[in-house]
């Protein structure tokens, strides 16, 4: 059955094909797309193509009051929004000389790690789906939802918590929250062996992911790779430890690394980080009740808030890598410039373009997902 | 590195582990929407009783989702700071951040746990919602994200105002209030949410949001410019205004209102007198109109009219019976509340524009009204309420029973009189506090102790004087008794005043809220005094009109009948200020503007 | 070790002419340098002081000064400190040198800045459009481009007119202040 | 108290001796008429700005006069009177301490009000006394009614007195 107007197309003799991954490819969400040039099943070259998912954040921020942007920034990275809020707030606090109360700092750490757990569950769930292991994805999304329940309870919103504001956080922790958080952690920890059995020890996954999208540590450094992707090349670097913010210097945690630099290693690093995040959260739950005091320092009326002139560059470790905000104030009631240095835009464009070359078509989606890039942040 | 067993290859029987899942409970989600968390950010509700339509939610909304909608039938009262507008939300734009809740000055708006709304394409109008207490679909849902002290973005506390300590102030007339530092002023100004309630409630509609904004921006000169758009008595109003603006201030709904009066004072004090004169002169016409206007009374109403009219190029002469300008602001307000040099500064701005003030000239005695009518194009009477009322209780005709306004004038003029060792003031308004505190200072100076009692008819719940006046008077040693009705001034057999007898007041208002005091005969007290000062009310001396003009004029319940421009039934004669509206500086200023506008219009027609 | 390196860096930077340097705290240094000296300084920082990671390049449009400010944030894994190198170039013609030879990630940042600010980097491997493939207007991140005005001109806002509003209008009420009036 | 006060007093004595309602009303009516005439005569004496006050007082007395006239002509007065007295208004002793002045040629507003208060007070007390000294029945009820009427009028004047004299308010002066 062919349409009446069908005409066979003469293919170029080179056997080169161009294929567009996304925006509607099932392997990738959002509008960001990836074009590959193929010879047979082998990728000859690759090109990232930006889309229009949540576009124009930086421009929008220049037109909004300092506080209004807190409702905007979490949208830059949907799966892992908390670091966006915290990093933006940190930048304004540095500019405005605001002292964030200790209790608020601990609450921020708690959210950051909750967000990391949720994001990692999403990330390897997504990766599993690219290799056809949809159960892992379903489980990951379902368990992430349990974390979102706690976000909803703490912040009033499931995904965009809009909970951190310059000066601290917006609400006190609800009664009984820490107990519920604690039992959630027990549950998640009990799930880890299930995930290992289903996915991380699964030979199908190991064989598919090993040596796929591999890079050396040297290459990673040269390409500006950060976060779990960098740690998967064996370099134990983490902003939380090496450029500490909030109260991370008071917390006990390890920085997992893997030597392989490939898709497998990147997923294994995330798997290990789940455990570390649970470990950090347990410490927060233990410490938080004894840290009393306000959850926010006094801030001026948001409608008449001039942040002192200056600039600040604040960095946090998001689940995807190094996230930084460069904020410039001219002393007005709106930012003069906000530059978001996101991990995803770096990974999803240059790094992915490099890694994809030479790989096989069926591995491209795996490479993409193992880098864990977040399309709205690329399109930012 | 923690040992995670994912690296071992496991057993060939591994897959059998999945059999264990048969023992796990299946996960079932109900079809109905799951109840949301306690502080969920769902659809809005708005308590219309609390909401005042200040539109602060609209200003903080980062997505431009809020439209203000006028709702006929809802209360609307500029004096109380209430508009009949309510926010409507466009759920096509709202992102449920809840900033509107956190900043709401009244705490009326909150988000609920309701989060499902479905509609067809032709029902898109249902996205535009006017939140009321019943929720988007009229179904009850618990409140979600609501105002809490933690989340409140409104600063409920005023910057503290420094004052001279009671021990340092009770024997002198130095100004008590320090005024804001520039740092304090900027912080205080930053509390403002620019709702404009103050502007609407102010009798002269001062551009308070604009000058507060200018102060916040550190631009005191711009603030003065904004102030002079509507008030040439701002040193005075910056100190002693009745500040209806602060009553209407939306921040005052749950906390201290923005200290608008002190901010005005700050701006006026921060700019040099010379620069203020330059700013005030901006906009003065560069021609001479050839019209002559006479103004009787150099108080706020008269001089404000003079200010407006001289800026229009008219030749303005002000006739003042006393030897200094200011009227009641000089002769009624003690110097510790309003230093005379600040009043002088306000007046000098006006005279520097070319207004002539002829002092020691009493119209009706030195110059007749008929002369003014003949020689001037328009005449304004703004003579205020210079005479004190008497209780006329038995014994009140004794010479040691004085009237507060006269005594205050004497103190200002520095005329000598014998300061009583013990005195009682009848009355509970600010004038009563003024005379009590002034006499207390003189007592302290001369006798080293204060023996001063104020007997007010009203109870403290309905007190007329400002609370801070009461507090400060007490700090200075004045005893204030509430609910005391004057019965009789007691005179001994030698004709010497020995005190005042009062009866307890059971209640002061009837069920309609009108004054109708009820006394308790069994509760009689005698307050020793060698002087009793009556401070119950004031009136105008209209004798300047003479019988003939009085007959020609139309009257309304004892006051001159004036039209909406302040014009009397005589086309050349206007009347303004306290004598029309009762005692209030800022009202007098507003009235001055009003008659000036009326005269300007009249002169234009007359040509 | 990192402390010694820091001291060494401070000494080095204070020796170079045309460089202003300001240590904010133990891990943040701000350096202001003339645009002609910037590549050399970065080379020094990378080659001799271990600042191998280019965290970001930020462009700021100082339209009133007629200048673009470029800020290069470089991080050292060894000293664990971040140097932000600021330089300013004329807004017109808006051409500068690429540092791709030193830092490969610069390609992405330079491409982004070129797209958003119209600032051309000579020697950058890829100045192609990334997002704005269908855009022929001015570079949108420039201060003289008013995004909100553009949107209001080119897009249609949903005009709601529900029954409750019609009822209110009949009673003499209705919309008084639209959101765009207060922005 | 002026001669009018004395005149009233003697007239009340006259009432006391009367027994029928019709007769009592007739005398009461003559009081109100006298008061109306007094105020009417005062109008030209006071300054124009205060005339409203005297005019209102005259109008009030005229109203009373008409009320009494219509009562006298009403065959059902007994039942009507009974209806009216169920909630007798209470006297407040405010005007007790207002000295009664000599009104003189050019009385001010305060003096006029003081005089009016004194008159209403005297009338109220007289009716009250009459009511108290009569047995329950139609005559008693009529006095009760008249006392209440005068009490209400006096209260109204007291409020007006405050609003004019105690106008101090929260002013600045």
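Order of writing sets the chain letters: A, B, C and D. Residues in each chain are counted from 1.
The rule is short, and it goes like this: a residue touches a chain if its C-beta (ideal position, glycine included) is under 8 Å from a C-beta of that chain, and two chains touch if they have at least 3 such contacts.
This structure is a prediction, so every number in the text was calculated from the model and none was measured.
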Pair joined by the larger number of C-beta contacts - B-D, A-C: B-D
Inter-centroid spacing, subunit D versus subunit B (mean Cα positions, whole Å): 41
Distance from the mean Cα position of subunit C to that of subunit A, given in whole angstrom: 22
Whole-Å gap between the CA centroids of subunit A and subunit B: 54
Between subunit B and subunit C, centroid-to-centroid distance (C-alpha), Å: 48
Two or more partner chains touched - positions in subunit C: none
Per-residue overlap in subunit D, given as positions that touch at least 2 other chains: none
Residue numbers of subunit B (touch at least two other chains): 59
Each pair of chains that touches, named by its two labels: A-B, A-C, B-C, B-D
Residue numbers on subunit B that touch subunit C, as the complex places them: 55, 58-59, 61, 64-73, 84-85, 88, 90, 92-93, 124-128, 130
Subunit A residues touching subunit B - in the complex, by the definition given at the top: 64-65, 67-72, 142, 149, 152-153, 155-157, 160, 162, 170-172, 174, 192-193, 196-197, 200-201, 203, 254, 256-257, 268, 271-272, 275, 295-296, 298-306
Subunit C - residues contacting subunit B, complex: 158, 160-165, 168, 171-180, 182-183
Subunit C contact footprint on subunit A (complex, rising order): 48-52, 55-56, 58-60, 63, 221-224, 226, 235, 237, 242-243, 311, 313, 315, 322, 324, 326, 328, 336-337, 339, 341, 345-346, 349-350, 379
Contacting residues of subunit B [partner subunit D, same complex]: 240-242, 328-329, 332-333, 384-385, 389-394, 396, 405, 427-432, 457, 464-466, 485-488, 510, 514-519, 521, 535-539, 542, 547, 550-551, 553, 555-560, 578, 582-585
